[in-house]
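Next come two complexes built around chain A: one with chain B, the other with chain C.
Our next item is the complex of A and B:
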């Protein structure tokens, strides 16, 4: 009894070698069987590790793909907001606006000021000075009714631009001599 | 020593296999849910801020600018022409046209030079006395019976008070034209 009790406390593999731990049960018969079993277990472990790393790689690639998509959407959104802000800034330029009793009239350009400003911007030095305001863009004012006339105010294209965002808003073109208002459109194209 | 009750090796192996399959199933479920989330995020369309702003502002600005434009008919604005059209129609415009016909023709010219080239549909409705209703026009339906914009549209409304105490309601709808 003491011997069997002592045997019961011994490590499992010793009891296996002596043949007492698994008496009466189905057993591998030789050392080769032990090796095979160990190899199978090693293979299982390696397979689990391979799948684990595969899952990690899969997850990481998805994460980077989602991040890239989010970043490009954010960039597009920023570009659109920039284009709206830029157009609103042009629409309220003091160099072009109509002023009635020192009050700026909304959505109105003075045709004489517009023509004069167009001539001024043809000077390369002054055009460079206005680069801080206009950047890479194209600003055109088109008179639609009653007569048709185009004022090309500013044009500086960005080489290899990846995007161009056009915005059109209707404006009034005031003729201060006759005090009449023509229907026009302000076309702004921002390059990015 | 009492013998401990233990499960037979075969049952134990079966239970272990079931647990492993359960584990694999859970992993597959988690990965599938993750993939679905990722596809949902990637395929979400970009919010078009510019288009929404431009279309809303276009309708409002267009109508206000249109009404404040000098018509070329005795230096009246279109707002004044509509008021004349709704009341006495005493203004005579170039070509012998009355204020209603001249306004209608001029509006059509403006729309053809601005909204048609950028493939925007429109519907301008003028509501009030019978005479001003004839100015209603649009790019859908026929020229005799224009119809409002189908589907999604942005609109602006401008009331114009007349001398007789009435009101002319002008409404402009702008929408995208369906591709041809």
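Our next item is the complex of A and C:
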């Protein structure tokens, strides 16, 4: 209050309330009157600017929020796509596939190759060679019918993984000795 | 009165000054924001394109013998490997490693028509799928005086959608003068000492490369032009099978070919170990053939591939295994060798 009085605001408003200051232009103006008017205009401008920037900040924060949500959805979509591609890649690995007279059988794993590959992957050096392919993932082959067996092919978990995407596809497991097939699934969990 | 008029005189310019400063600040803020958004958007587009290309390549890599034409934006795609075999493809500021995909391509390709072709690498069992990435603006001229059966076979395998032309007979003599405006040109010879002649030919700004293939010795001599326009080479490499030979036809940089070969060798070594163990585990055979020899051959192949030094030894094991497999197939042996 004291401050506004010092600036000369209070006497001006008091005069207007008391009727001594009616219409500004009919009264002789002092330097204080002009100061007050300028101050009011300045406050108005500042207030408009504050509101303007507030609205911009609000708009921007809303925009960034929407962008963030979209980005996280896109990230999720990319991860899922990567997981599917990765599973498809494993399903066609020459280290696992069935070949009959030089013709590759789709989504079929040779049980002898599977055993050999699983054994070879226990060698840390070879497991490192395959890191570029498998990355941080868990690859399991599960025989479902007629017998039930689970073989873990590869496992390397990502410490502090933020997401793990499981993908399962049906496969055939061929026993080349007997030339018989079993039903199974390939389970792949990709860590990200 | 004098004081008040002075104050009034000052107020108007000060107001304008304030408006100018505030307006300028607002404009600068918006301009900076738009600039930032624009660069972010460009990055995002490049990132999406690189991801799309990676996905396309990964999916194509799971199928063998497929060729597809891809409509792609007219962006420059830079593909290459460093001498320490860090292989990347880049669009704008965004780069991605090849990963497990083995990509054979020119150093720079541009949309809108990309061609992606996958071919299996048989050595003599399928060890990998190789990807060939090119575009319609890159012209390949295969120059041979006569079409021998191996060359004919090569031409029949390569899909028509690649811009490959065959110059044979008298046409082979004038093929050197062909140019590809707004694109690359690659000359492929099946005899020695041909690419060297280009050192004396005026090539202007033509983006040129040349390859000499020796089908007998399984060697490849790469010639290419550096940024200064000097023709470098020959950079000699070897190939094992039809798959990597076709890869070499489309690969401009010997470094990229060498890095792909190294990755192939490592994969071959590991795969041969899988087959070696598989053959060793075969307990019964329907044809009375022993799998022990095969297991030994697989082991030798794995050892040689791990060394990756002697191509002729690798070719020898390749040939032995190929003959063994044919014999197993002929006798209808179960299980198959591979």
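A few points about this structure:
Assume the second predicted complex is superposed on the first by the 149 of 192 C-alpha atoms of A that agree within 3 Å, B and C clash if a C-alpha of one lies under 4 Å from a C-alpha of the other, contacts with A are read in each partner's own complex, and residues count from 1 in each chain.
Going forward, a contact is a pair of C-beta atoms (placed from the backbone, for glycine too) under 8 Å apart; a residue touches a chain by one contact, two chains touch by 3 or more.
Everything numeric in this text was worked out from a predicted model, so none of it was measured.
Within the superposed three-chain model, A:94 lies in touch with chain C and out of touch with chain B [touch as defined at top]. When the shared chain is aligned, chain B comes close enough to touch A:165, but chain C does not. Looking at the shared chain after the overlay, A:117 reaches chain C, while chain B stays out of its contact range.
In the superposition on chain A, A:148 makes contact with chain B only, not with chain C.
Of the two partner chains placed around the shared chain by superposition, chain B and chain C are both touched by A:81.
When the shared chain is aligned, chain C comes close enough to touch A:104, but chain B does not.
Note: residues 81 of chain A belong to the chain B contact set and to the chain C contact set alike, using the contact criterion stated above. Listing the residues of chain C that touch chain A in their complex gives 3-4, 7-8, 11, 15, 18, 22, 51, 55, 58-59, 61-64, 99-100, 125-129, 266, 270-271, 273-275, 277-278, 281-284, 329, 334-336, 338. Put simply, chain A touches chain B in their complex at residues 5, 25, 55, 58-59, 62, 65-66, 69-70, 73, 76-77, 80-81, 83-84, 107, 144-146, 148, 165, 167-172, 178, 180-183, 185. Per the touch definition, chain B reaches chain A in the complex via residues 1, 9, 27, 31, 34-35, 38, 41-42, 46-50, 53-54, 57-58, 61-62, 64-66, 68-72, 75, 77, 106, 109-110, 113-114, 118.
The touching residues of chain A, when paired with chain C in their complex, are 29-31, 33-35, 38, 41, 45, 49, 78, 81, 85, 88-89, 91-92, 94-95, 97, 99-102, 104, 110, 112-113, 115-117, 119-120, 126, 129-130, 132-133, 176-177, 179.
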